[in-house]
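Heads up, the thing below is written out as structure tokens.
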Amino acid sequence: MHSRKIIPVILLLAVIALFPVMTRSEYILNIMITFFLYVILSESWNLIGGFAGQISLGHSAFFGIGALVTRLVWLSGIPVIPALFAGGIGAAALACSVGIPCLRMTQAYFPIGTLALAMIAQITIGNIFPLPGSLSSEYVAAYNLSSRYYLAFAVGIFTVLTVYLFARSKKGLALVAIRDDEGAAAAVGVKPFQHKILALLVSSFMAGLGGGIFAYQHVSYFYSAPFELSWAFLPTLTTFIGGLGTISGPIIGSVAFLALSELFVLNLGEIHLLVFGATFVLIVMFLPKGLFSLSVGIRSFLRDWALRLIGRGEAKKL
Amino acid sequence: MLVVDGLDVHYGDLQVLWGISLEVRDGEIVALIGSNGAGKSTLIRAIAGLIRPTKGTIRLDHLLLNRRPPHEIVKAGISMVPEGRRLFPKMSVLQNLRMGAFMKKARHEIEQTLGWVYDIFPVLKERSDQPAGLLSGGEQQMLAIGRALMANNRVLLLDEMSLGLSPLLVQNLFKIIAQINETGISVLIVEQNVPMTLRLADRAYIIETGHIVGEGAAESLLNSPRVREAYLGIGPECEDSLGGV
Amino acid sequence: MGQTLVYGILNGSLYGIIALGIALVFGIMKYLNLAQGTLIILGAYIGLYLSQLGLDPFLSIPVVMVALFLFAAVLFKTCFSRLINFDEEEKIKNSLLISFGLMLFLDNLITVIWTSDERSITPAYSGITFELFGLRIPLIGLAGALLAVILILLLHLFLTRTYFGQSVVAVSQDQEAASLMGVNVSLTFLTSFAISVSIASIPSMLIALQSFSPTVGLHWFNKGIVVVILSGIGNIYGVLPAGLFLGIIEALSVYIFGPSYREVTGLAVFVLILILVPKGLFRRRGAA
């Protein structure tokens, strides 16, 4: 990252860090935690979907298993940070079960396999835990929203940094090479399958951390709630809309998704999904680099246009 | 007849053909010669409509063909035997041949044409119920040619039909092409075996890195020092390959 | 036990026809249409509308068929036609993504139009069963199974006996070579897509006679895709046996573990098969 860019980013992070000091509004803090969750999940999805080019339709399974394991471990008396870690490991283990057979096959298998996994997980967990899980009174007494806020914030930064560093590492570059031309990459000795598995492990680990945050944030929820397929659709939508295979894309997409769903929540249930579904189709068809590329495109178009105007002006002067 | 004029072709931003002009007259066999990657297949594919040229025209008589999809070009009268045969592997030999006569006008004459193709390639008749994917390489190539003939078209484009076949079989195929040409079908042929091809052809064009760098009567090219040096090699060990048909 | 098998077979034939639409699109075009389930549900709502006008559900199948055919043709023109000349992997990926977006869009559009209430069509004969060898066989389920068999036979005749059908088979084996034979590939794609979607009218009606709501499309898609992969991707003749296999497995699991694990058993068998025999169980050499 250029040092020119680093200063505004640090300033922005500092402002976000001060939120719990500046406001007591639980609504705002919860919205921000949701935003962090979206970013974690989307960046995690971006690693396998954007950088590795493997579309996962089952990130809800990884998110959900992270939530489940974290919750159970944490409620058994272990501190939350090791519990989160356990959740991440659980998600990565689950990802192997379907990832290893599917990633050996053609494009069609991975999305379908992960989708099936997500459905199995949702139904099974719903069957095993039919009732909502609530915190016991001592946990409720200790509940403190700003600690949730900071943990989510920290995991969010961790996730973004991980994806950023991974994408720039040798392995990340190899991954992009495989995505763009698997045959050519394999010909120069890059092992496609191993790299994809690595991307899947890191991605699902981070999705599991996100699930852990969810489990830590909520006082009471149905255990199957974080397994709902909407958690799988969300990162697919946000990443494509913001910009696939970029660091800022999933963040931009998350902001857009959150803003739109909050806007429509007062009207009709799921209108934001209608809008996002349509936008998504248009983006896949016309702007494979996401909405963000449109703003870049417009900027460069305006610049060209301005230059041409200036050029013409100068030509006239001569 | 078939006239290509000033053709440019790009793959994305990469230009591979530059202002190609050539002509195939009625009843001629024209050869297209060039080293690997020169753009021979690209040119043939552009004529068949599989790639859209960025500039230039392709005409068959007065019909403008560039910018038309492949199925309309077949209807206009040009058939192609693609590089790598491209059969329908799970269809039987007969079904492949029938697909060759998919166009309405060919469908009406299908029985006569089929008899003609079976006369040229009797082995296809013996194998008519076998899946094309299980034929030997030589049989597959015969099927590919036979399938293209089923359209009953005036122009045949042949891209590297002899690739991977035994010398004896190749000689046979060359004789068959000459025989097909005698029925009045014009042929544009791309081949690796330059001496044999030049002996078969009436005229030839030489293409290098996307440019036509020479043309002429096949016989005179065969004897031109430049062609001998570039495509036939000089020196005694290469004289063998001139043994030819 | 025998009764369980009857239900398994009847459900399985429903899974088989759902899979047929997905397998056709995939086999011919290498498109993966995630919205197939949603289109089935759209058909169910059209059927519901027609039944409110007084049309019998089985008689409304042809109407729904035509409606879905036209809708699919428009959908193909607007959303999918630009993928025709992509290579196989790009086709799979892009069609999957586009149809994913369409699924979300249509699911929520249907919710806006018809609300998220659960619906069903209940004609006078909906509960009728008859006895055969001491087993109760529901009339509607049996009609569905018969329709599935008839449909596959018709499709087989179309693909093998007509010139257009043969061109569809040719396109599925080598799209570019087919175009060199004079086959209009875009038209073949458009028609194949529209036919595959219009086949959904039969599951539409069978599901409408059970129960449906706007967002259950993905559930039915999933049944279909599991069958498609069981039968070996792109193999259309395997879908009926594979559908029956899934239906029977599910029925057995209901018999053994109880109803709450029915879905899971089916999906778990699917994941196992992905791991053990990823090329499918019902693959046949030489099949289209």
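Just so it is clear, A, B and C label the chains in written order, and each chain counts residues from 1 on its own.
Note that a contact is a pair of C-beta atoms (placed from the backbone, for glycine too) under 8 Å apart; a residue touches a chain by one contact, two chains touch by 3 or more.
A quick note: this is a predicted structure, and the numbers were derived from the prediction, not measured.
Taking each chain's centre as the mean of its C-alpha atoms, the one that lies farthest from the centre of subunit A is B. When every pair of chains is scored by its C-beta contact pairs, the maximum goes to A-C.
Central chain by Cα centroid: C, whose mean Cα position is closest to the mean of all protein Cα atoms. Computed from the mean C-alpha positions, the centre of subunit A lies at a distance of 32 Å from the centre of subunit C.
Work out the mean CA point of subunit B and of subunit C, and you get 43 Å between them.
One simple way to say how far apart two chains are is to compare their mean CA positions; for subunit A and subunit B this gives 53 Å.
Interface residues of subunit B facing subunit C in the complex, by the touch rule stated above, are 48-50, 69-71, 74-75, 79-80, 82, 86-91, 95, 98-100, 102-103, 106-107, 131, 147-148, 151. Those residues of subunit C whose C-beta lies close enough to touch subunit A in the complex are 26, 32, 79, 82, 88-89, 92-94, 96-98, 100-109, 111-112, 116, 218-219, 222, 225-226, 229, 233, 260-261, 263-264, 267-268, 270-271, 274-275, 278. Contacts from subunit C toward subunit B in the complex involve residues 163, 166-167, 169-170, 173-174, 176-186, 286-288. Put simply, subunit A touches subunit C in their complex at residues 53, 55, 57, 97-98, 100-102, 104-109, 111-113, 115-117, 119-120, 123-124, 127, 229, 233, 236-237, 240, 268-271, 273-274, 276-281, 284-285.
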